[in-house]
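Chain lettering (A, B, C and D) follows the sequence in which the chains are written, and residue indices restart at 1 in each chain.
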Amino acid sequence: MTERLTRNQLARLVAQDIPSGAYVNLGIGQPTLVSDYLTPSQNVTLHTENGMLGMGPAAEGDELDEDLINAGKIPVTELPGASYFHHADSFGMMRGGHLDVCVLGAFQVSVAGDLANWHTGDPNDIPAVGGAMDLAIGAKDVFVMMNLLTRDGRSKLVEACTYPLTGVGCVTRIFTDMAVLLVTPDGIRVRDTYGCTFEELLRLVDLPLLAPERESMLKA
Amino acid sequence: MLTIHDDVDEAVSEITDGAIVLIGGFGKAGQPIELIEALLRRGSRNLTVVSNNAGNGTVGLAALIGAGRVAKIICSFPRQSDSELFDAKFRAAEIELELVPQGNLAERIRAAGSGIGGFFTPTGYGTMLAAGKETRMIDGRGFVLESPIRADFALIKALKADGVGNLVYRKTARNFGPIMASAAAHTIVQVSELVETGGLDPENVVTPGIFVNSVVVVPAQITSNGSTEVAR
Amino acid sequence: MTERLTRNQLARLVAQDIPSGAYVNLGIGQPTLVSDYLTPSQNVTLHTENGMLGMGPAAEGDELDEDLINAGKIPVTELPGASYFHHADSFGMMRGGHLDVCVLGAFQVSVAGDLANWHTGDPNDIPAVGGAMDLAIGAKDVFVMMNLLTRDGRSKLVEACTYPLTGVGCVTRIFTDMAVLLVTPDGIRVRDTYGCTFEELLRLVDLPLLAPERESMLKA
Amino acid sequence: MLTIHDDVDEAVSEITDGAIVLIGGFGKAGQPIELIEALLRRGSRNLTVVSNNAGNGTVGLAALIGAGRVAKIICSFPRQSDSELFDAKFRAAEIELELVPQGNLAERIRAAGSGIGGFFTPTGYGTMLAAGKETRMIDGRGFVLESPIRADFALIKALKADGVGNLVYRKTARNFGPIMASAAAHTIVQVSELVETGGLDPENVVTPGIFVNSVVVVPAQITSNGSTEVAR
């Protein structure tokens, strides 16, 4: 039996699923870890919503430039072949379906691929959506990266989201510390499990899931 | 007709109480800090501000909000690690917030600038941010009708202007500048440098001067690490 | 009594009515004559629908460049301060109301300011609209330049257009060889007459027109 | 992923019968003559072509229409002094014409590229070109609902491409290129020059490579008067 995945193992697993030559948006926060595991031979081009293609790694030392930041407002660098454009063009690029993959965090994902990741619904919270809704409906493939369970052990994969939605039926693949799951027309199919068996996973999420089509393998 | 102003206070002198003001920037990049602080000194009240964020730290837009000059803000991402001035006003119910997904915000501004009366966007369909809005299924997919955001003024920051108001920007500080310039009745731009007319390659102009009413030079300083920082 | 205006006198009259510092589109055909009468002190910037501001005079000799043409596909030149942009931006500029004046030819203009200038309605004609409808509704002021009468003596200023419309209620000022007319909320006001009296003009057009507010003067 | 093709025939080899094809250019400026003539050689039939004009003289789009390959054309200005090949097909009722005001044509293409499901435009309101379309009064003004024009292929011409497909154009030959590149499933570009990746200033890229699938070099020649002309 395999182990649950660490955040870095999960990031590597996501990176391995990004097709060669893809245009990818990694949002903010945890998904940005994925960039550390993209290989040069994958030839992936990173998009940042604030108007850039060809984003490079985080800036360090002399590279710091307050005019060159990513969606999380972190200073980054520019790679050869980069381009800059304004916000309407940047979001037109997303909304128009030109990005191959985006990777987002999530509070909840439903079995229909609905995503909740922007607002807990707590009336005391100050809501902030940013580009989350645009990314959720824009990319050809929307990958979610999250822990399978909340801190108190409830499944974040749910029959229907209880948190406010970010997008309807938009998620295509779900990467968690305990399983990688594919959203298919027939339902959620388990691709791999980590640190649990398929049967244990079923009990944890308490949802009907389709069994893996092949033996579970630890890829990360 | 372009006016080139001697200082930022003169540049914002026509902004009255109750004005709708677009303010450029994504975080600090492209935020016209000096123009906003001139607006703060001018004292205009009851403003509606349209900007991606709701200010950082205690300068620029954050200061304007902190001083109680902003009655309403239309933005996508008000909550940040250093947005405490907005947070306080919001929790005290002293500022109205219209939260708009970032791409819809950009497209609504672009629609105003380009004379579009409304558009159907898939972003936000089925979410609480589309509540009460007209929706429509198009080719089997859900869309929300969004309307243009027109403004009285735009305050933006660019790298260079020439004598007719053509603008170029710098890296990701471009962000909302070009679309905001097109959507306001009066667009005011702070630039690091004014060059002679003919000094910008016509192929590389990002905002044509037709969208620019006022330019003021706020020189940038080169910091020790090679990045630019605007002089205070 | 004054004389009817020639095409060049009419073009000069239009040029004199263009405000200093204006952004102007002169369409194609006869209105492009207006550019010959704009003075440097007027500081007018010309827009061409195919993606340029700061258009200069027609190209000659070595200036000819097949990549630098105006809306009529005639080679032109570039002035200092020019800029290029794509078609969606160019027509956004029109539609968004950023042009101060456009000058168009016309088959007919109605007393309500409706414009017909793109199609005779003859089923044997191949229809072509180009940017006419965008210009008609886009500029802050829409000036029309035309002969007042058709070749067979009928008025092109009409109660209601019989040709297919280009735009509804869009014309603000009408420059003809026999009169300059202003479209106002109260109706069409005659500003000046040329080669006819106000009373003669009324008989020619057979429409109620508002009398000039001042004595007619030959300005051209 | 960008493919750099050795010749124009290879570049258009995936265009099948019945395809919807956007073709750039305003008159001859920016018209990808060599790509169109490769499409003519390929022999694809029953095409729907979207282009501002309907061809000039006997080359390029005019030749494609003259050869009977175009079942339908969506354009703004088919009738020109040298559009006799289109004129003949139209009078013989051998080509379908959808006439669209030029700005609506541009905006419909831009809408397809940017995922907008439809938009309200004032252009054409109250005219026969809005007949049968949904209209709406917005703030007292009439608007017409127009829909996106998506395509299978775009054929455009640019000045330079780099190794990832970033493009820059030349003067008014830019026209429909950038929006068409964004609106097709497969965008094919003929360029005068291919430069190394990093050889275009990121500030000056007009079409980012994300919109470009195929590039082919068709060298331009400098004519005696200094203007460029593409080699045949």
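In the analysis below, a residue touches a chain if its C-beta (ideal position, glycine included) is under 8 Å from a C-beta of that chain, and two chains touch if they have at least 3 such contacts.
Chain labels with UniProt names: A, C = 3-oxoacid CoA-transferase subunit B; B, D = 3-oxoacid CoA-transferase subunit A.
Everything quoted here is computed from the prediction, not taken from an experiment.
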Length of the shortest touching-chain route, chain B through to chain D: 1
Intersection of contact sets, chain B vs chain C, gives D
Label of the chain whose CA centroid is most distant from the centroid of chain A: C
Please report how many Å separate the Cα centroid of chain A from that of chain B, as a whole number. 29
Distance between chain centroids, defined by C-alpha means - chain A, chain D (Å): 35
With chain centres defined as C-alpha means, what is the inter-centre distance between chain A and chain C in Å? 55
Interface hub residues of chain B, defined as touching at least two other chains: 107, 110, 114-116, 121-122, 169-171, 202-203
Contacts with two or more other chains, residues of chain A listed in rising order: 52, 78, 84-85, 88, 91-92, 94-95, 138
So which chains end up touching which? A-B, A-D, B-C, B-D, C-D
Which part of chain B faces chain A closely enough to touch in the complex? 26-30, 52, 76-80, 86-87, 90-91, 97, 99-104, 106-107, 109-110, 121-129, 142, 169-179, 206, 225-229
Touching residues of chain A toward chain D in the complex: what are they? 20-21, 23, 43, 45, 47, 52-54, 78, 80-85, 88-89, 91-99, 138
Across the complex, what residues on chain D touch chain A? 1, 110, 112-116, 162-164, 166, 182, 197-198, 200, 202-203, 205, 208-211
Listed in rising order, the residues of chain B that touch chain D in the complex are 107, 111, 114-122, 136, 138-139, 141, 143, 147, 168-171, 201-204
Can you list the chain C residues touching chain D in their complex? 48-52, 61-69, 73, 78, 84-88, 90-92, 94-95, 119, 125-134, 137-138, 164-168
